[in-house]
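Both of the next two complexes hold chain A, though its partner changes from chain B to chain C.
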Partner chain A sequence: MSANLDVAAANAPGSNLGIAIRRGLTDGAGVVAILYIILFALYALWDPSALTVSGVTNLSNNAAPLAIAAAGESLVVISKGFDLSVAGIVSLSNVLMATYPVEGPGGALVSLMICLGVGGAIGALNGLLVAVLRLQSIAATLGTMIMGQGLALVIMDAPGGTIADWVSYTLTDVLFGIIPISGLIMLAVVALWLVFRRTDTCMGIFAVGADETAASLSGISVVRARFTAFVGAGLLYGLAGFMLSVQTATGNPSAGTPFLMLAFAAVALGGVSLTGGRGSLVGAVIGAATLMLLQKVLFSGGVSSFYTGIFQGAVMVLAIVFGSVISRLASTGARA
Partner chain B sequence: MSGAVCALDVRSVSKSYGATVALQDVSIELQAGEVHALLGENGAGKSTLVKILSGVVKPNVGTMQIGGERYEPSAIVDARRRGVATAFQELSLVPNLTVAQNLSLPRQAKGRFGLVSGAATQKQGAAILNRFGLRLSPSAIVAGLTLAERQRLEITRAFACNPKVLILDEPTAALAETDWLFGLVRQATAAGASVLYISHRLAEVRELCQRATVLRNGRSIGTVGLEDATDHAIFEMMVGRSQAEEMQRRAATGQSTRPAVLEAEGLAGGSLKDISLTLREGEILGVAGLEGQGQRALFRALVGLAPLASGSVKVDGAAVRLSGPDVALRTGRAIAFLPEERKTEGIFPALATATNIVLPVVGRIGRAGLVSERLERDAVAGSSSEVDLSPRYLDFRVGDLSGGNQQKAMLARAMQTGAKILLLYDPTRGVDVGTKQSIYAAIRRFAESGGAVLLYSSELPELVHLADRCLVVYGGRIFAQLSGADINERTMVAALTGHSIRDTAA
Partner chain C sequence: MTSARPSAALQPPADTRRIGRIRSETISTAAIFALAIILILASRFVSPALGSWDQVDTIITLASFLIVVAFGQGLVILVGGLDLSIASMITLGGVLATTWNSSFGSEWVVIPAVLILCACIGALNAVGVIWLSIPPFIMTMAMGIIVASAALGYTSGTPRGASPEAFLALMKGSVGPVSAVLIFVVIFALLARALQSATAFGRRLYAVGANREAARIAGVATWRPIMAAYAISAVCAGFAGMMLVGYANGATLRMGDSYLLPSIASVVIGGSSILGGRGSFAATVGGAILLTTLGTVISALGMDQGWRTVIEGAIIVGALLLLREDLIARLRNRSAG
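The block that comes next holds the complex of A and B.
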């Protein structure tokens, strides 16, 4: 017996870099990042203005709303849920900003707080319904999405209104003549994620997404993990609505509708498993940026905008196929 | 053993879910340093008691004390704080996390700024693995581990909490050897911990435990000192009737002249190095092996679930290429496979038991392509009585059945296909004594009626009991072929560890 215990465990942890690379690729974030670089090269080839500060700023401004919304969606998807309320929250934030514009930097802060407040509140409601009352996430968030859109229509029944000038000019601008502010905001979201990744709550979200029973028997609070995911998602949708308003400078009660499908597309493209427990917020952000870049590439390549959807769908399917092939190769490699 | 305050004292605990009474008036006492067995058939209430002790569910009535103080755990972490840790039967490891991360759930080791540190978690995990003699990489993802490795990790995680009361629910279900576990248990009890040990293997229980409490139909029937109680007496307490059938060899019936139905030649690939076998009509061919010797790959290869690098398979004398279980079911006299993990590879928990049984042949029981519920019931009647599955379970969701009844349903499904060749992979894993007898009887009847069975079991007495011939696999090869009187535990144990029979037989 003692011989059995004395055996020093053969704990040779594989090289950390190798693991990081394999994780990056199997996470899907690696695959979509490579795709983004290829597309950007194509874009720069067809349209040299892409490499100018204004070209990059344009791309960044364009991508920010969807990227931040997809970031929020990825939180819920990792916890093995679906959150449709993104469409409601984005619309609601947008019409609130267009109906009650507040000027100046202080006004921007007030508007941001209102957007985050709305998003956080609806997120908390989702969390209450799904995490605490254990309703199915699609059904519950479908309800809150419709509520959000309905509320947006009550506040503003037709497109109109204006966003405060300070907000729409300053936040679409560049810092020090080179860094787009919208890009900084996306970076801030990613930085927050990288910190959050290193909390027990985030590990709980991954664990619950993979196997709820095992997670709860391991001492993880399933309710807290799910609730946190929904509230975090709601806050990010609020921020996405804010960034969309910055971009469009006007209000539209159905502004959030396209976000519903595109956010899921970005999440899937970014390698986040729709069955939960696998993926990264970074992947979703790059996935969203890729979808928006693709539109530009097709436009600059002279493809009629009618074909955009076909290409977006095809690229998405290809990226997912490629990602799953890679992760299968990696897992058989790890087992052999 | 008396006088001192009990380490754990459970008094008159009851639990019901709606109208279903899971536990009624259950009492059990654990002394410090004691290994106490909890025995009972599947569905006797053992799992419910484990859940109550671990803080997963709360009892309706009754009191619990630890070291003389009230114990009412509000959650599993609360139970751990009070010194109660559990290794669950269904394994509570999170598949997408690493070994080290699982070991430190729910709180990971922290580095700077109170953030989770991967390196510190890894180091902490490696230290735990080392301390308990587990050879696993702390950075390995749990989903990639074998069932036995996961079971060991589950056990290690419970031990790592340094519990005062340790609950081990079927800890050896996936382990082929018990030395490692028993060593840990003895160390822990020597240090004053008490262990509640739940197992269907009475030999193990006798080796490790001093006393046993028996549950039947949710009630505690009594506590006995194991030294004074015969197997027969214990079985009788568990099942309430005399079930203690003697384990005896069935007479060999001269199958060697009957036609071969399944022949494999030089199978290799994955963990298989070189395996050849011949299965004849009316024969039960046993396969024995320590965990990870290639038996799993062998069974999976024979139904096309695992790729083969080389080798050939013949069914009814004709060479075939089996690319999956569906093809296996349509080949020759048909091969049906009963997989290892009924929870993940077998049952569809949300479907009715009857539907689960007819699934492979669902196309045959309909009218005009539509499935008829009445025809389904008629079709199932035969196979369910064959495995002694009570008809009242057929309408229940199979996920709500006890493990033993689920296993009967799985066996019924394999028979329902009409296959004449059954590949049974550990068909009695984690099932109770009564169910085991039903399964043995069903397997024997199947062989007597001209079927052929390839049977792997992690319990040697079962092979001794059932097999006409027995192959011992070791390192991906057939190490020994035993028949007749050579099929006894002593010879098999020697062969299992790669010792030639002649060396030890003397």
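The block that comes next holds the complex of A and C.
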């Protein structure tokens, strides 16, 4: 059902909002949002400070790096690829920021540009290897991930350094006493996606992910679509590295390693099809937020730290099963 | 990366695909072994001590874990899946082999018990993938997290106990001048290759991986080969964990971590499609040996770990570029006239 919707959307560029909303529900973004709300209710029940401004800010700061990284990963996954370089780019941006801290708002901008530049460059390299030279994405990005991690080690061989104070204080703060700035940045990424979603290039990414041969026969440039997906993903990983540095306020050459698996988990939890062509960046962002919230819920629920993994794994599997049942129900409902 | 099959399907009826595939696989297997050998020879420039028979022996010993794990990973990839639980399964195999070794009397009870438990966990992965339609990526990752957490809780953070004697003998012993593990690797590779390429079971794996729906219509009970692939992968990982324990004479809780990505890389560098249905184990063995050689040679370079890591990544990309499908196809076409 949702595959049909995608085709319909691809045929009529700029199709209406109703389809987008219904796709959100049937594709799992809505489902994972419901899961998030349930978990949040549990969290608030066990730890009432969750409802305060600082509680919400904490959650938002925690979720932002992974959410933005997962947003980038979703672009590549939608184009039917895997991008492992996220671990390398996040580490590299993090150590660059910790080695060359620049103070003040101008400094923050410079740091941000460096992170985006690094991400964009590695993303372009991935795009070259996968889109142009046609290497298998999982293998090519494994190579670039290892290179990125190596460069991070060259720049900083042990954890250390500090992020500029202005960056780590201001960007973890709240605006007007109520809106977390990290939340605004996530919203900005989502807003960019909603605009990008309507462009021909993005349609191309969906079409290539769904059926490469059909897409190329109908005149879509497969190379351009794939390349754009990888560059966009690289830029977002750079931003994720920036936000991680903001939060940790220190450098670590292996800071990005945990992002590798978690980004894919977030993407899948957010209803993006790992076989390409289906899903939404919004789902991936909510999926990431859910994963980070889950850790807090388990902690506040008093689960022994030895066994949190068992719950995390079980919740991931249950969420996916739950999501596919809901979307099956929703799509049969829509058909009837 | 998906272009090969659709374009083959578009070709006119003259059906040379099967012959073509075998030839291109032979060429890519030869190419990957050639790369590994060149790398070993070239390592003499780095250090004269390298490139000797002893070093080859060491590389095969170090590669043996990866070869065993990559066989299972390759089968799962062949049926269109991916097994991310193997890091934890390696750890589980190692931890249980050492912990139970002292408490169950004979190790010939312990070893099969651990392997059967691994097979059950692998089958559980398959249950999630086949009947609950959970993406393999997520099912096996979640299983990996669960198993890692269980191993952590079971050992309270510190695994104890020594390796079973059998694995000490396998990893440290020798038969005349040849180390036991070298003989084991050769026998394992031959049997594994035969299972994958020369049995009805192997052909079902390819059929299910290439097109599950077509295989089902052709009368294959598709759940069986898929479940077998996941179970074999878990058993291989558990076995590799015990080999590691025999090699290091003790288990750690993160001992499997450094084998997950290399296991996927070996399979893919060997030219198998990550999407399933295509690949050969001989090339995967080549990929595992190439990666291990690379690691050994690079660690002999007197450089910072950072630069060594950069070079490792660059050589992986370089090897992928050299082993590209269209290059090999061009080579084949030329040799075919």
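Here is the rule we use: the second predicted complex is superposed on the first by the 304 of 336 C-alpha atoms of A that agree within 3 Å, B and C clash if a C-alpha of one lies under 4 Å from a C-alpha of the other, contacts with A are read in each partner's own complex, and residues count from 1 in each chain.
Just so we're on the same page, a residue touches a chain if its C-beta (ideal position, glycine included) is under 8 Å from a C-beta of that chain, and two chains touch if they have at least 3 such contacts.
Only a predicted model underlies this, so the values are computations on that prediction, with no experimental measurement involved.
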Touched partner set for A:L274, first chain B, second chain C, both or neither: second
A:A50 touches, of chain B and chain C: first, second, both or neither? neither
Chain B versus chain C, judged by how many residues of chain A each one touches: C
Chain B versus chain C as contact partner of A:G143, first or second or both or neither: second
Which of chain B and chain C A:A152 touches, first, second, both or neither: second
Contacts of A:M316 with chain B and chain C, given as first, second, both or neither: second
Touching partner for A:R134 - first (chain B), second (chain C), both, neither: second
Partner chain in contact with A:S304 - chain B first, chain C second, else both or neither: second
Partner chain(s) touched by A:T213 [first = chain B, second = chain C, both, neither]: both
Common interface residues of chain A - those touching chain B in one complex and chain C in the other: 213
Touching residues (chain side chain C, partner chain A) in the complex: 1-3, 6-7, 84, 128, 132-135, 137-139, 141-146, 148-150, 152-153, 156-157, 261, 264-265, 268-269, 273-274, 304-314, 316-317, 320-321, 324-326
Complex interface listing, chain A residues touching chain B: 1-2, 4-14, 19, 195, 197-200, 203-204, 206-207, 209-211, 213-221, 277-278, 331, 334-335
Complex contact set, residues of chain A against chain C: 80, 82, 84, 129-130, 133-140, 142-155, 157, 212-213, 253, 261, 264-265, 268-269, 273-275, 304, 306-310, 312-314, 316-317, 320-321, 324
Touching residues (chain side chain B, partner chain A) in the complex: 54, 56, 75-77, 80, 88, 90-97, 101-102, 105-108, 115-117, 122, 126, 129-130, 132-139, 141, 144, 179-180, 182-183
